[in-house]
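These are the structures in question, set out in turn.
In the two complexes below, chain A is the common chain; its partner is chain B in one and chain C in the other.
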Partner chain A sequence: MTPVPAPTEAQVLDDLRAVIREILQMEPDDDFAIEADASLTDELGLESIDLVNIGAGLSERYGEAVNLAVYLADQEIDDVIKLTVGALAEFVLDALAVAAASGASGASGASGASAASSAGE
Partner chain B sequence: MTDVPSGAATIEPGQAETEQAESDQAGSDQAATAAAPTLEPEPEAVLRLAAASPAGIAEHLARLMADPDLLAEHLDRLAFGAVLPPKADDREGPCRLAVVDPTPKRLATARGVVKRGARWPGRGDVWFSPAPLLGPGGGTVCFLFPGLEADFRPRVADVAAWLGVRPPSADIDTLGRRARAALDVGRVLAQAVSRLGVVPDMVAGHSVGEWNAMIAGGVIAQDDLDAMLHATDLDRLQVPGVDYAVFGCPAERVRALMREHPDVVLSHENATHQTVVCGPPEPVGQLMTALRQAGVICRRLPFRSGFHTPMLEPFLAPFASGVPALPVHAARVPVWSATTGRPFPEDSDAVRALCIRHLLEPVRFRDLVLALHDAGVRAFIQVGAGQLTGLVDDTLAGRDHMTLAANAANRTGLAQLLRLQVGLWAEGRTEAPPLEPTRPKALGTTVEQLADLGRSDPLAAELSLLMTEVAGAVVAVVTAATAANTPDDPSSAGSPAYPHPESLDTVLPISTAAMPYLLDHCLAAQRPGWPDEDDRCPVVPATTMLAHMAAAAELAGPGRRAVELADVRFHRWLAASPSLAVDVAVRPLDGDRVHVALGDYAEGVVRLASESPASDMPEPWPAEPMEHRPALLAHQLYEQRWMFHGPAFQVVTRTLGVSARGIRAVLRPTSAPGSLLDGAGQVLGQWVIEHHPASWIAFPASIGRVAFHAPQPAAGTDVECAVRVTGVTTDAITADMRLAGLDGVALITVTGWHDRRFAGGPQTGAVHRFAGLNTLAEQQSGGWHLLVEPWPDIASREFHLRKYLSGPERAAYRRLTPTAQRSWLLRRVVVKDAVRVWLWDHGHGPLFPAEIEVLDDGPDGRCQVRGRNGLRLPALDVAADANREIGVALVQASDCDRTARIRVEEGRCPIAAGCSDACPVTGPGGRVHTVSWNARRRP
Partner chain C sequence: MSMILANGLRTHVQSLRAVDPQGPAPLVVCVHGLGYDSLASFYLTLAPPLAESGLDVLTYDLRGHGRSERPNQGYRLGDFVEDLTAVLAENGDDRRIHLIGNSFGGTVALSYAARNPERVASVVAIEAEPATARWVERMGGTMRDVIEAMDDEYYLDWVGRNFGSHYQRLTRVAAAVIRSTTLIEDVAADPPLTEQEVAAIACPVLSVVGGEGFQAEEPMAMQALLPSCRTVVIPDQGHSVLVERHHALRGPLLDWIAELEPEWTPRTGDRTGSPGDRAGSRAS
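And now, the complex of A and B:
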């Protein structure tokens, strides 16, 4: 299988913005800028339960290699509160790099339209 | 006169303890509000637009965005703690937009939101609703009280200072302290939202928060819970060796894996995508690893207690003694249980059993939220610090609803409370200032047991209690009276088998302790939590007096019932506070009829019979022509305070139709004596409101005849009431009424119900309904206040003075000669109004006249004013003067360069000495007076 080129930081940020926009029920062209240094809780008003949907959105776009649950397991709650969009992007890039290095690339599905499905059934 | 206007904030913190915010508060409050001691926050600007459609809003918004001056005019500038005032164009349409601090960026976001046309729930301080969820005919509001939260970052230091209470400790080191902190923060916020006039239709809580919900709903009293918790060391109430873990997935997914770990149980089903389990650390860890690999976000929670699992059972000893002794009351506001997903039961033992179940069974918060939504709740307000809003949004995704938090971690407490109000406005909430708290009806305390015992005839219970006490005196009177009656009186038309009725003298004790329902019938609303019951003026309703008269008559003619009352007259208000005893005198007129007098308060003639004569049964009334739907829904009568009645007398449940000469409604009587007929009077009142909105205040003065055709229906039974208005004059309204069961069988017929109307313009109505926000006096362009005597007779004066004067002031008033009373009263009223307007102009919230004490000082009409019961007033320079028709007052800050001075003289006069301006005013009868005042140099 031809390896899919790893996305750039800019692409990952765009994907994250799209995921977050869905959670916030915004249209893609809405006048609402999501900066890389925006804090998920303070500026975007997300709560811990919204992380579930972010995790689902990431898995859908990038596959099982990007497991937000495992990433968050190592975070203290104060760090989770301060998470920024940029930090999430970094996590995604790291996870993809690790997956590529070990050859178990699970990248599937480009960023784009997707339903906000739950992490469950 | 005015709603609460905006202005710069100079709110002083109340009686908060000195050893507070800085020293013993760790965490977010201290870090974020370093300048906590005095509040000098900048007022925030709020833009609110209402229109018939999103297009209308878009158009209006475009105009404002193009013209900054026009935009500035449209803004409300609100100091924190101010109540969001109603907008003049609220009625323009259902569609609403609100923006806090409308910077160009936010306005641009707002424009995009409006263009999109869908609901936008407060992100980026923009709120938009095309079809509001609340408002008349809309959804209801539920308060949700959070419990223990992993992420607990309350911001309440400024809220506590605003309320004048001690800020809750944010110490969460131990489980016990965590629980306390969650409860205390919830309570402070409950007080704050109540002060802002936000009232729930029902309440619920999550985990420990359910206790706060029970307090908010009146099922348990705060003091009683505090006492129980004080006696329970929560830190020792813990199951050792168990962990909690939260999973970001539905419960079914976790359950599927739990079969392999039988000692792990589900403790919380919080939302569609949040489940919490509890169990020994190792199996919990295995569950977490398994689910995490599958991408489910998991986290261990930082507390161990075993709450909401059966594992807690052996450790329940501290609660086992506390809960059964906890006094339980009937809910004032429905309290829903997260254990059952339904409202709490009514039976007090069942309530206590549920409290125990709550500790041992899982928190089914998701099911509760779904049930609340099915029951019509559309606004869920988190009253506390936590993440319940996220849980609700997750569970109700795809359904119409709104969530709001009374507290948020990323802004100060008061700033978030402002947003709470804005969010509610955007969803169509209609304004209502704080309602008075009503005392919970205690089940099981000795005094109320009496009323409960005689539930079928509570009045007999009340009277007979006194009868036994004064038994000796009564026997003597009865013996003497019997001798005077001849048993074969020819006018006796009743059944010869019954003895002639006897004379009776007894005493009826009137107090709010013996008759707690009287607290739901108060002439003067006061600030919620107001400690002086006297000031609220609980009075015995006319129909309750009627019921007492009937009961007294029945005691005089044992074995027979009161089937009719005639020539009933209500002479004066029977106030219940301070408590008193009223002499009850029953005198026989003939074999069937007795005259009953309740002191000099009321009297009537009662006819006794073994049963109601069949010939009396009236025919049903024909339908009224041209009946239309009422302008007011039944619940709005009380919510909008057209009627001041509390729950014990909120008897009108549905208004069926209004016509030119009639009105029909469904009543549901309570256990309060006289509640059914009082409801009939309220229905008549609604007719007056809908037909004479400028002058609608009326109270019963007399009733020609009340005939009872059947035994009184039990509390909670629906009764249909039809009212036919037979006469309307400027002073009075007369009507006939017919009350029947829903099966059509007549229960009560009233002929000649005569209401006296209380004169006064729209201001008297506004003050009657919302005394904390309105004035009788009017501010003039010179800055002074004018009160032209609004009461044309003693009865009207008596009615209004109760809203303005506290208990001690009423006593002082009654000691004056009648001529002195008029001017004295005008002066008091105008000073209290002038002071309140000054405070409102400087950012204060609702203020009731009784909160201000007026001390008449030295010469030249200078007054000192003082706040009562915790109200702190700044130093003010107050001058006032009054004669029998006119009252005038001038208020300014005490640091102005000229002292305030104001005079009123009858006739056309030159400017009074020491004043700079004068103008003529007209009294109620047309007489001219001259008012002179000293205009301040500085505004």
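And now, the complex of A and C:
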């Protein structure tokens, strides 16, 4: 059985956009673009309770190795307020890479990293 | 999202299981404060490191807050205490609990402890005080000030200029809760705790106050009232101790619970430690 390849940065960003669109209750035909450098709170208007839901969504999608609550609990409040969609994607990729390196998942860190580097927006 | 029915209301709860507990894991229940507070104030700060240290952690959104149901009325302190009672019953766990309450959540926790002394192993009250006559009077005054400020665009501009757009938006969120419910009228409407009820808070209490917070003038007031109370003052800190200084609270909280739970030891390892340590280990 071949291991599941690690998602690319573009895939993670798309997953995040889907989660955020759902939280913001955006209609399917709403073409508002969620940019990678958009801050979750100031620009997208998310509340801290929304971050709890995003964390649950990420753990469901990528497994327990992606634990947003633990990550945010290590930040200062000012950093949490400034968090961007892109920084969230970077957190997901880092968490998956750490899990892959420690053997906790079969994801291929090498292919994920190379794909991520060519998929920047 | 985990929803339960508690005291007739759809209530949002989040549980974090103890990671590799060293001894029987104690249960910690976190109660957040009023207005723009929600379980996120614990879930994104103290709850993860407490779970990683080997504690079971239960958090929930108070009625009208976060993702819990927002009835139009029923916001007396006693309603919140009944909600906590129902959440614990739904959780179906007969361990004695360590309650951590932030601001109004601490007042809820202390009132719960007064009514249910057999259920409570300890209370950690962060920037909070019991519902004495003094609290009822001050809370009533605060609520009247809040309702005036909420209707004042100048106030919102002032919040925006001084605390940033994030806090300005939070203030609007709180205003929405306040305008659509009887919270302002209700919250300080119950009679204060009687002397007997205050005396019934017999469990150990840790009072954590900001040096510049709501208890700045009398930081030791709760310790004078409750014989089993110990006080920790966080210097140069206003009311937002939990959100702004949660890193500083971890050690004292773990020490507090370890002291009261002799069969349990806080877990240490590469996933705990100081934020700097963990950031370093993640980056490597």
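One rule holds in what follows: the second predicted complex is superposed on the first by the 100 of 121 C-alpha atoms of A that agree within 3 Å, B and C clash if a C-alpha of one lies under 4 Å from a C-alpha of the other, contacts with A are read in each partner's own complex, and residues count from 1 in each chain.
Just so we're on the same page, contacts are C-beta pairs under 8 Å (C-beta built on N, C-alpha and C of every residue); 3 or more make two chains touch, one makes a residue touch a chain.
On a predicted model such as this, the values are computed, not experimentally measured, just so you know.
Once the two complexes are laid over each other on the shared chain, residue contacts for A:D94 go to chain C alone; chain B is not touched.
When the two complexes are overlaid on their common chain A, residue A:L51 makes contact with chain B and with chain C alike. Judged by the touch definition given at the top, the superposed model places A:E64 against chain B, while chain C stays out of reach.
Of the two partner chains placed by the overlay, only chain B lies in contact with A:L24; chain C stays clear of it. Comparing chain B with chain C, more residues of chain A are touched by B.
Judged by the touch definition given at the top, the superposed model places A:E9 against neither chain B nor chain C.
Applying the stated contact rule after C-alpha superposition, one finds that A:D79 touches neither chain B nor chain C. In the superposition on chain A, contact of A:E35 is made with neither chain B nor chain C. Looking at chain A, you'll find residues 41-42, 45, 47-49, 51-53, 56, 67, 69-70, 72-73, 77, 81 touch chain B in one structure and chain C in the other.
By the touch criterion stated above, chain A contacts chain B in their complex at residues 24-25, 27, 30-32, 41-42, 45, 47-53, 55-56, 59, 64, 67-70, 72-73, 77, 81, 118-121.
Considering their complex, residues 1, 14, 16, 38-41, 43-49, 52, 61, 66-67, 164-166, 169-170, 173, 243-244, 246, 271, 275, 278-279, 282 of chain C touch chain A.
Only residues 41-42, 45, 47-49, 51-53, 56, 67, 69-70, 72-75, 77, 80-81, 94, 98 of chain A touch chain C when the two sit together in their complex.
The part of chain B that touches chain A in the complex is made up of residues 108-109, 111-113, 116, 118, 123-124, 150-151, 248-250, 252-253, 271-274, 288, 291-293, 295-299, 302, 387, 389-391, 393-394, 409-410.
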